[in-house]
Amino acid sequence: MSLLELAGVGKQFRGLRALSDVDMSVSEGEIVGVIGPNGAGKTTLFNVICGALKPDSGRVRFAGDDVTGRRPEVLARAGMVRTFQLMRPFASMSVAENVSLAAQHHTRGAARLRGHAMDVVDRVGLAEWAHRPATELPTAGLKRLELARALAAGPRVLLLDEVLAGLLPAEREPVLDLLAELRERDGTTLVFIEHIMAAVMRLSDRVVVLDQGAVLATGTPDEVTADPRVIDAYLGEEPTTHADA
Amino acid sequence: MTATIDSEPRASVNLAVLKRAGMVGVLVAAAVVFALLKSGSGIVVWQSVVTGLLTGGLYGLIAMGLTLIFGVLDIVNFAHGAMLAVAMFISFGVVQATGLHPYLTMLVTVPALFLVGAAVHRGLLSGSGGATLENQLLITLGLSLLLENGLLMFFGAEPKNVTLPGETQFGVFGAVVSGSRLYAFLGAIALGLLLYWMLQHTRLGTAVRAVASNGPGAELVGINVRRIHTLTFAIGAACAGAAAALAVPLLSVTPTLGEQFNITAFVVVVLGGMGNVVGALVGGLLIGLVEQLTTIYLDGQSSLLGVFVVFVLVLFLRPQGLFGRRT
Amino acid sequence: MTDTATTGAAGATRATAAQAGTAPPLRPQNRQLLILAVLVLLAIPLPLILPPAQGAVAVRILIFLIMAVGWNIMSGFGGLFSFGHAAYFGLGAYTSAYLLVEHGVSPWVGMAAGMAVAAAVAMVIGYFSFRYNLKGAYFALATFAFAEMLRLVTTSTDAVNGAVGYQVPLIQGSSVWQLQFPAGSPAYFWIALVLAGLAVAVSILFRHSHAGRYVVAIRDDELAAASVGAPVMRHKLLTVALSAAITAIAGAFYTQYYLFIDPQLAFGSSVSIEAIVTAVIGGIGTIWGPVVGAVIVGSLSDVTATLLATPPEFLGFLQGRSGLDVILYAVMLILIVRLMPKGIFGTLAGKISERRRR
């Protein structure tokens, strides 16, 4: 069943065609990787899907409903949650408070909210930082906080924007394990933008390649990395160019 | 500032400006016609138009300083009106003490306000404390209260008057205009054009425009951004100083005068487009018009009300103003 | 405020060694309510102890307190800087004055009506401002413009007595229902105390509620908050409405206490400025900041008035002048924003919680 569907999505900024005629379909429980060179429109795509931007053309469908242009909070409450490439913690709150805020829309009762938040904080490995101000977190911690907040919001679909960027190779493994677990244990659908090809290869069921705002190729990771157009536009001769560990 | 780092070709920019000018012209014409219908008297409307435009020149000069500060430093200088009031008191004081011609007090008020502006920027606004928008608003608000009440405490609240030596009346096709108003207008336009010329054709002006358009970039090409910031704030304050000398024969000088001009200056700046110096001048003329025509449209209501209505309309419908660019 | 308490079974297993075995500390909300209760109780005997002149200052402080609490909800918690809060103060004042003078309605009903009117107007202004994405300086200027427009319109509208304003008709003796007592009666203080206490209590409860947390998150980062389900428009409107309603209380009470209101007193910019200065000096965005600020700013005009009436030798030229109190709080404002931007209370609270964490 197609949980998330894009049909003919286009977005133009003054003088720049950011997205042109993007079609995409994600089934429930799938993990889809989105790759492409910088400026290809990946984050713009997420912005359009999640309501931060209105597309100029095309439709976005979530669980059968047309959600094109709906406000971000409506989509988040319906189960479509995203993380941001540039970390955006709530600076005046602690880590736990950041996380429990995301759970507010589906959990009532202070004790239950706190419990749920601490579970999520544990799960991403931030238990030690739970009551410290979010601003004290190092980069890796902030990335986990983004993830924790998104999880606490109770997503059916999780859209992750470069969740591994800025992490040391050793820090990436636990995150990848967690993401895999999300699909296995919770049945969460994942769509993730990533530059680190090893992660894309490991996690994705399917990969979508964007270039200059258009879908260049879709298919299994192996299919896509063998595609000469993709190699030309993004990967370079060696498919393992972007992999580190 | 009229930034030139833009990919749009000159022709289409000029066309857009013409279209906007046309629209404004139509609105003004409609406003005048409406006023004619409401009052039934051509001469009354003509008088309002003349008085409005002439007063508007002064508003434009004051607003030019304010918009310059905003365009270059991104600072909303709430204390602009208060600084104007200080300059007016200086002018009054100099005339009282030395009998100097009011307009010549510009020789004192402009440098004085220049120094005050530089001191305010260096002392209060540059550096971390003045970084956020809220902090700037609060600091300049505090400054305006300080200046205004300082004037109140030291000079008292009774209005002070300065008459222009050789004050006369002029007839302009049936409208009566006092010499002081006409000279203030001419002075304001002249100084405004001087400022515009300086920005466009001197090295300093180019540096100022560079900082306005791209601060980090300007730094990279060797411009001392902090010094430009202080200089710009000082120049903005000096505009108020110049306007003060021109305005002193026109009005009764009181400590709270600053507040009134402050409001008007902000409306003009928003109308013209924050950071746009030409917009400030044009906006000034328009607001001068609005002020006068309001008394015809809305009997018994303060002229300020019409100004605020325009203000709110601009804020909601076109916050970037006439000449600003949508962010 | 950082939540330092963990309760429940899940919390116990995560409790640090230091905490295990000790009773969990009071949740911040309850701690603050307790402190509020204590402060109110301590304040009750004040009008009986203080000389009449200071009694009036005390009432004035409470009025400032309510205004500052109201302003702080919108501009502190919500981050929506208002430069025109006089609009809501004045709407509260005028609604209750109009209903009382023209229709004989009790000032309490008038106060409630004023709160409703102020909240409605705030939501309308807010709705259009947020829809049209007015932010920062533009939003502040818009709020200022609205307050001024109300002042101008009120001044020239005969239906509300124009520039003359309203005088509250005097009654014989005391009446709680009419909110009028003999001049200098402690009842004014106690009623103001109840109102101020309620205002602070509401702000405490709001701050710690789900809605309040959403509001703060929206202030910190609107898009991130929306992306985790925070209903942005709804909460911004709630914030401005609550803020306006509380400020209107101050306006309505002011009218009854001073027995007079006119457009300048109701909608003048000094009202807006007092709200801002009080909250900022005390500590913007905190619960107790407005309280601390009100005590400071509220007593200032009294202190300076005595100074100006009978100045010491070297300040003789100040005799009979006005404006010193404003100068003082303007200087304080500038110093605080530059040196202690969290305000007096905010900075102290920050230092204490920092030390506690070490």
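Miscellaneous remarks
Labels for the chains are A, B and C, by order of writing; each one numbers its residues from 1.
Methods note: a residue touches a chain if its C-beta (ideal position, glycine included) is under 8 Å from a C-beta of that chain, and two chains touch if they have at least 3 such contacts.
The UniProt protein names, listed by chain, are A = Branched-chain amino acid transport system ATP-binding protein; C = Branched-chain amino acid transport system permease protein.
None of the values given here were measured: they were computed from a predicted structure.
Put simply, the chain nearest the middle, going by average C-alpha positions, is C.
Farthest chain from chain A (centres taken as the mean of C-alpha atoms): B.
Chain geometry summary: the mean Cα position of chain B and that of chain C are 34 Å apart. Between the Cα centres of chain A and chain C there is a gap of 42 Å.
The geometric centre of chain A is 49 Å away from that of chain B, both derived from CA atoms. On the chain C side of its complex with chain A, the touching residues are 2-4, 6-8, 10-11, 14, 27, 210, 213-214, 216-217, 219-221, 223-232, 285, 357. Chain B makes touch with chain C in their complex at residues 76, 124, 129-130, 133-135, 137-139, 141-143, 145-146, 148-150, 152-154, 156-157, 255, 259, 263, 266, 270, 300-302, 304-305, 308-309, 311-312, 315-317, 319. Interface of chain C with chain B (complex): residues 81, 83, 128-129, 132, 134, 136-138, 140-142, 144-146, 148-149, 152-153, 155-156, 269, 273, 276-277, 280, 318, 321-324, 326-327, 329-331, 333-334, 337-339, 341. Residues 50-52, 71-73, 76-77, 81-82, 84, 88-94, 96-97, 101-102, 104-106, 110-111, 114-115, 118-119, 127, 130-133, 149-150, 152-153 of chain A are the ones that touch chain C when the two sit in their complex.
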